[in-house]
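To keep things simple, chains are lettered A, B, C and D as they appear, and every chain counts its residues starting from 1.
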């Protein structure tokens, strides 16, 4: 399978995905892996958990399209996109993007392209539950989209 | 240790380096890993082996400088540069660059910067031993530097 | 009949995850919005939200995208995954 | 005394990995090249190679970099690691 897309509640194993990306006939010269993690706040704020909602019928289709677009623009061997949903905790892995190619620039650019487009077009939404300080009650907010992400997506 | 630099004949374990890059206090949001591998030729040509020579007193110093330059330009948490020397075979890992940061763009750009600069300024040289076709005798050549690598290094 | 889905913040503000729109005779998303607002007047302000994203049959769409009976239409806030 | 190192293709073409230059009274790399070529006339063509890289005490340098006794100078072809 050249392009793997998975949306799952389970964690993923980066090393296993790295080994899958390396093609067995030794024509692979470069692998770029991006791992996105649940980042805690700066104290006294504290992230309790992150809930990832998605549009099940649309997410895998969208991510598959991104893989195909990346393959059309760069000379790639294999791609991997794995995105988790459901409840996550600080330090948890959220998303993995991996690309293998003969030359490094293709893998670097394609991985960035996929992440930039995923950030603005894949139907996932984050809801944070946080403690403003250690003694307060937890509060929940939907995360707002960032203008900087929109700008990064526009450059491709 | 924030910035790890190693030049070694031994192989490296990408997964171990990934875990080292993730800071333990959960402020890490992004990890970018680049792995460079020994690429075989397109048949009938066949790569027998690759010999990596380097300038021992200079390589680690140069790679350490690259880490520091990357840290000065981007908001990074940890960096890893591992480069192998000696005799390598098709499919072997040659180089690993890893960067962790709060936000993905810092990690992506810093990893590309380190690879681009390493390619043109770190004192490593590759000598290929290849078979022009399966029945011929092995021949050895020093690999030529690519103009495209020089251009990629100039963009930073 | 058109199936309409709402997600995330929008779903919570509307208090509705799925809406089955009957007897819609319009041709595009803009007309569907007007039709829905006529039936749910208190949703008007929410549907005027400029940044609202639209998908038709699981592909990104816009206000003038054509729709017909049997389509699945989704409205949602800007995405924040990754 | 100046220690001069040669690497890779250059080392093989010169047939020399390390050279210890005595009695050099010049001040920079250009003068060192001239001095070496005077002692090894058959290396002249190789030292005229424009793309040859230079390091002084393990840092990248150029033809006009100043050098003094005790320095380590290295000459090598464009690098090809990574």
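Worth pointing out:
Rule of thumb we're sticking to: a contact is a pair of C-beta atoms (placed from the backbone, for glycine too) under 8 Å apart; a residue touches a chain by one contact, two chains touch by 3 or more.
Here the structure is a predicted model, which means the values were calculated and not measured.
Between subunit A and subunit D, the least number of touch steps comes to 2.
Centre-to-centre spacing of subunit A and subunit B amounts to 24 Å, using the average Cα coordinate of each chain.
Subunit C and subunit D have CA centres that are 72 Å apart.
Inter-chain centre distance (subunit A to subunit C, centres taken as mean C-alpha positions): 26 Å. Averaged C-alpha coordinates put the centre of subunit B at 49 Å from the centre of subunit C. In subunit B, 36, 104, 115 are the positions where the chain touches two or more neighbouring chains simultaneously.
Counting partners per residue, subunit C has 82 as the residues that reach two or more other chains. Of all possible chain pairs, the ones that touch are A-B, A-C, B-D. Across the complex, subunit A is touched by residues 5, 7-9, 12, 51, 55, 58-60, 72, 74, 76-82 of subunit C.
For subunit B in complex with subunit A, the residues that touch the partner chain are 14-15, 18, 22, 25-40, 42, 47, 90-91, 102, 104-105, 107-108, 111-112, 115, 152. On subunit A, the positions that touch subunit C within their shared complex are 36, 52-55, 57-58, 61-62, 83, 94-95, 115, 118-127, 142-145.
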